[in-house]
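Take a look at the structures below.
Both complexes below contain subunit A, partnered by subunit B and then by subunit C.
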Partner chain A sequence: MKMPKVSLFLFLLPSLALICAFGIYPIVYNAFLSLKDVNLISYIRGTAQNVGLTNYREVLDDPLFWKALFNTVTFTLLSIVLQMSIGFLLALLFYREFPLKGLFQALVMIPWVMPIMVSGSFFRWFLSDNGFLNNFLTALGWIKEPIRWITTEKMAIYSLTAVNVWLGIPFNFILLYTGIQQIPEELYESADIDGAASWHKVMYITLPMLKPVIVATFILGCILTFKVFDLVWIVTKGGPGGASHLLSTLSYSLAFDRFQFGKSTAVLVLMQIIVVLFISLSNRIRWEER
Partner chain B sequence: MRKKGGWKWSALVAGVVALIVSPLYFIAIGGFMSTEEIFHKPPYLIPPEPTLRYYQEALITLLPYIKNSFIIAFGTLMLTLLIALPAPFVLTKFEFSSKNSLSFLFAFVQMLPYTAVIIPLFLIFTRMKLINSHFGVILALSVFLVPFAIIILRSYMVSVPSGLIEAALIDGAGYLKIFTSIVLPLSAPGIASVSILVFLMAWGNFIVPLAFIKEESLRPISIGLYVFIGQYGVEWNKLMAGSMIYTIPPLVVALLAGKSIVAGLTAGAFKE
Partner chain C sequence: MQGQKAVWFLVILFLVTLPSLVFAGTTLVFQGYSNPNEQVAQFIQNVLIPEFKKAHPDVDVKYVYIPFAEYMSTILQQAVSNTLPDLVYLDNPWVPQLIDANVLQNIRDYVMKDLGNDFWMDFFPGHRMVTSKDEGIYALQVHTNNLAIFYREGFLQKVGVGKPPKTWEELLDVSRKIKENLNLYGLIFYAGADEAGTWQFEPFLWSNGGSLLELDQKEAIEALAFVAGLVKEGYAPRDVINLKDQGDETIWFMNGQVAMMVNGNWEFGWHLLPDVLEKLGDVRVAPFPVPDAAMRSAILPFGGECVGITTTDAEKSKYAWELIRIWFGEKLEEYYEKWTGHIPTLASYSAKIASIRPEFKVFIDQAAYALPRPPMGGMEKYPDVSNELALALQKALTGAQTPEEAFGQAAKNIKNLFTPEQYEKHKEFARNVLTEVLARTKQQ
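Up next, the complex of A and B:
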């Protein structure tokens, strides 16, 4: 159907105006700010000087940036692989019919539903040096000394990844479960007639049939996980000593703890470039899938 | 025929699900215990001497923050719906040249990291005097939730029969009339689903109020819980009681409307 241009424009105006003014303009503005020596005072007075690529040079010279980049990649990839595996196993569990299925399915959504401040604070306690996990493992006699899950530079990012895996279970479960339900049941029936073992059915029917869903979930998961900020901010605030910073928390800390908006926006621009590269790459993968 | 699991299968699933939801249980019982009991070795799995005191104290402290959270969540819901609803109607039912690039624009904004928008927006809002204002938070949240809502609503509005719209056009109805009296009522399940998701996301959001609200009396509960995290130590029992109070509204919504949440999330994820 066709609509006159004026009506078309009026229907799209509200969303376009909002997104251009407060979504697109800010990210373009980032590029502009990243070339200036901006802090809060120079910004308000309008006296920020052009400094060319100095902010980028400082960012790229900063070991903290490389640490955060490494953390972001590790955090994202590890999270996705583990979330998807657990989500897939759960989806297999839920594939059968059994009593109270609806209730259990609603309960699985809880990590997604809980506000991040709540789950973040919980894990800050759960993983602290004298927190639940250490006390529990000591009581079982499995460890003698508390393990410093979130207070050592080496471990913090992996503990945070584990927490993020838990957070992502509902989303991955829901997408993969929906996908599994769309596989025609006749395929399994004929495999049954041939006397195929359960894991054979998973390997040779479920997984190949699910491939498009798995690819879509993977791409979406990467984009969502790359964005994570709050979990790390609440549990470790990027610490100890900046060892668990993601790019998102690093840029936030540069802006609001140190008021180095120039350097912060330089990190943001680099993040945006990564997002754009990833989207174009994933479009290509999807296109080749077809 | 799908295999039937029976109660044995239920028990297996129950075990797995219990592990997944256990944090909520420990938060709930933490609110009934003193801080010493929370850190007791070995840890208590059931509160030894449960008391309602901390829940009461936390609730009294948090009431103003809860009010702010409701203002922000409902405000965001209203603004997001108002702005988002008209777009998927034209995106699904009409042909025009820039259609694909618009769809890409919405998808792109939704994929942006929050920080990439929030930090420059903080500077822009400073000039616009929108820092320390609920409206500023609502506006910023809508930037992310409008594309999200449009993408989900598109998958619902696409199934409104085009024949109905064509017939109404022949009868001389205007586009606005068709939109409000045919398209909106027929997409009611989608609108319900989107409303629930937008409410939950606005209720739970942390970074936007963290960046934009410095004034204690305007803070929503997401960052209001920091009152229990003092400079010299954390009041864990009140923090857990407060966390539980904060979680109750979304928990109720999820248990009552789980199906809508799932439908909305899958619609948003797989829509091309």
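Up next, the complex of A and C:
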């Protein structure tokens, strides 16, 4: 029996309404604000003027935007590559049986269960000039002067990336580990009979069989990392001198430090465009591969 | 039978609750960012509201706490969705913007009728400037604060320094001695990339005659070079750029990692409570150091909170004012004496509170030379100006740019925020105020 089209639509209506209210409307409203000269006063009074693409022009003329874009891309790519590599190696390790495996597995998950406020505050102290890491290295006699992990323009973003790698390992580990467990055991047994070395089994069985999981983890990871805000805001607030701003923190700072909502939303719209382009590109590559 | 009983029960319940539904009393919402465990919120809940309820038992007053970091975004959402509370507690630099945004109601008639013009004129000029516009009064500043040098007398004595530094030169000298003899940092201050970073730099800038709207001038660059020098020489930790907030400084100070800190009087109601002071035993406060020994005081920004009415409902507005009137009337002295780590905004209370709470004397004396921030930095553009300065400060402190480069670029960015006419007008205003206060600090 075929269901009438109206009934089908009625079944879809609740979820469509939710998507429109909480997904599409904010995006459209955001885009609308980015075309207006919105600040605290004009937003509340409803007197914001249409300024066309002025906010975009001003954002693109601002060296801080390009710095934040560079940081965001660097932060995302480095984080993903390192998180996935370490997560994959850990997944391979935990695929085998060894004593206290459960305990070690729980330890790997610790970064994920810690509230970001706690881990962020910890790393702000840990990486400071007078923090634990520098004091530890000094005590070992390895350094004489503190390493300026988060107090130089050049270093701050890479230190934050390292922290983010640590935070993201459990996410990558759990997805890849689950994926590895789905690979049929018989394939490895056949390889053993053929006399394949461990390295060959990883290269010719595990990686190819895991490819769909790897791609999904990569895309999810990229999206989640691209919009990281809290870690950077807690540790450096985008400093020193704006050098570790990501697009997310720059947008927040424009909105709530400077009340420049028009420019802030322009940054957000540009972020959305980048994410949409990235997803479209990756979908296209996957479709062509099929 | 059972069913009949149930129906009768429901009818009686309806009749009993009907009056309370129909004649529900007024509820007043008082919104603030003072944590319910902090002194100001305790005062509001345990003193102010009970006092109000004596005369208005049918009016319910709810104190709603919103954390500081989310406060302005909450006000914004509430203003746009017409869900503002009835009374708000606000940081003073926000007030001019909220007046312009029509969030705050004009309370001039209430002030003049119940408190009088003499009372209004008793506020220090800067507080009147921030809370009024044209002929209207839109809020009243309940307390103020400013910055001074907290120091550990024991550390200074250990390096043979009998008195706290009065000038920048002495500050450098004491910091050097602390560093060389005790291997400690001499001074800590806050230089985060936010308004608090700007707020802590403004006393250096203004006392040296520099203006927020002329950062590329000699006086401003000298001030930045002085502060950057403190970090460069190792007299202050470079971590000042990543402190969580100004309270973080006090943690360093209490742990004995620094001998002196730039901080405000609110610390006496926050970290430096009587038991902590007793335990440390040697915490003292000295006026903010000046660049020129001939100056009687540094020129500082003032902080502190204001209360204003946001409701447009005539009846609620009347009750909201009644709460403010009680705060500024019969309960003001008790508030300053027992319930706050802040100092008075009214000249007539200052001397009295200084005698009752001697730990505040330095701050109260400095209040006469304290300036409001927004008018000194382009009024509604102040958040932008402040942000530019905070970024430049960090660039100079980390050595990424020289003071000339950092402030040269910031000055250019700040100028671009205004039309040429606006810029000249604000620059002129700030310059005139600075000239007047600088002259006053040098009067004998």
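We take it that the second predicted complex is superposed on the first by the 264 of 290 C-alpha atoms of A that agree within 3 Å, B and C clash if a C-alpha of one lies under 4 Å from a C-alpha of the other, contacts with A are read in each partner's own complex, and residues count from 1 in each chain.
To be clear about the criterion, a residue touches a chain if its C-beta (ideal position, glycine included) is under 8 Å from a C-beta of that chain, and two chains touch if they have at least 3 such contacts.
Just so you know, these numbers come straight off a predicted model, no measurement behind them.
Undergrad: Looking at the superposed three-chain arrangement on subunit A, would you call subunit B and subunit C a clash or a fit?
TA: The answer is clash.
Undergrad: In the superposed arrangement, does A:Phe88 touch subunit B (first), subunit C (second), both or neither?
TA: In the superposition, A:Phe88 contacts neither subunit B nor subunit C.
Undergrad: If you stack the two complexes on chain A, which partner ends up touching A:Glu153: first (subunit B), second (subunit C), both, or neither?
TA: second
Undergrad: On the A-aligned overlay, A:Phe75 touches which partner chain: subunit B = first, subunit C = second, or both, or neither?
TA: neither
Undergrad: Of the two partners subunit B and subunit C, indicate the one touching more residues belonging to subunit A.
TA: So, of the two partners, B touches more residues of subunit A.
Undergrad: If we overlay the two complexes on their shared chain A, which of subunit B and subunit C does A:Ser121 touch? Say first, second, both or neither.
TA: A:Ser121: touches subunit B and subunit C.
Undergrad: After superposition on the shared chain, which partner residues are touched by A:Thr236: those of subunit B (first), subunit C (second), both, or neither?
TA: second
Undergrad: Is A:Asn130 touching the first partner subunit B, the second partner subunit C, both, or neither of them?
TA: Once the two structures are laid over each other on A, A:Asn130 reaches both partners.
Undergrad: Could you say whether A:Ala216 touches subunit B, subunit C, both of them, or neither, answering first, second, both or neither?
TA: first
Undergrad: Give one of first, second, both or neither to describe whether A:Phe65 is in contact with subunit B, with subunit C, with both, or with none.
TA: In the superposed model, A:Phe65 contacts neither subunit B nor subunit C.
Undergrad: Using the superposition on chain A described above, determine whether A:Arg45 touches subunit B (first), subunit C (second), both, or neither.
TA: A:Arg45 sits against subunit C, while subunit B stays out of touch.
Undergrad: Among 116-124, 242-250, 332-340 or 350-358, which stretch of subunit C shows C-alpha clashes with subunit B in the combined arrangement?
TA: 242-250
Undergrad: What is the shared patch of subunit A, the residues that subunit B and subunit C both contact?
TA: Overlap of subunit B and subunit C footprints on subunit A: residues 43-44, 121, 130-131, 255-256.
Undergrad: Give the list of subunit C residues in touch with subunit A in this complex.
TA: Residue positions touching the partner: 72-73, 76, 79-80, 97, 100-103, 192-195, 237-239, 241-242, 244, 257, 380, 383-384, 387, 391-392, 394-395, 397-401, 406.
Undergrad: In their complex, what parts of subunit A are in touch with subunit B?
TA: Touching subunit B: residues 1-3, 5, 7-8, 10-12, 14-16, 18-19, 22-27, 29-30, 33, 38, 43-44, 90, 93-102, 104-111, 113-123, 125-126, 130-132, 135-136, 138-139, 166, 169, 171, 174-175, 178, 185, 189, 213, 216-217, 220, 223, 226-227, 229-230, 233-234, 247-248, 251-252, 255-256, 261, 264-265, 268, 271-272, 275, 279 of subunit A.
Undergrad: Within their complex, state which residues of subunit A touch subunit C.
TA: Answer in residue numbers: 39-41, 43-45, 121, 124, 128-131, 148, 150-153, 235-243, 253, 255-260.
Undergrad: For subunit B, which residues are in contact with subunit A within the complex?
TA: The contact residues of subunit B facing subunit A are 1-7, 9-10, 12-14, 16-17, 20-21, 23-24, 26-27, 30, 38-43, 82-84, 86-87, 89-90, 93-96, 102, 105-106, 108-109, 111-124, 126-127, 139-140, 142-144, 146-147, 150, 162, 165-166, 175, 179, 200, 203-204, 206-207, 210-211, 221-223, 225, 229, 234, 236, 239-240, 243-244, 246-247, 250-251, 253-255, 258, 261-262, 265-266, 269-270.
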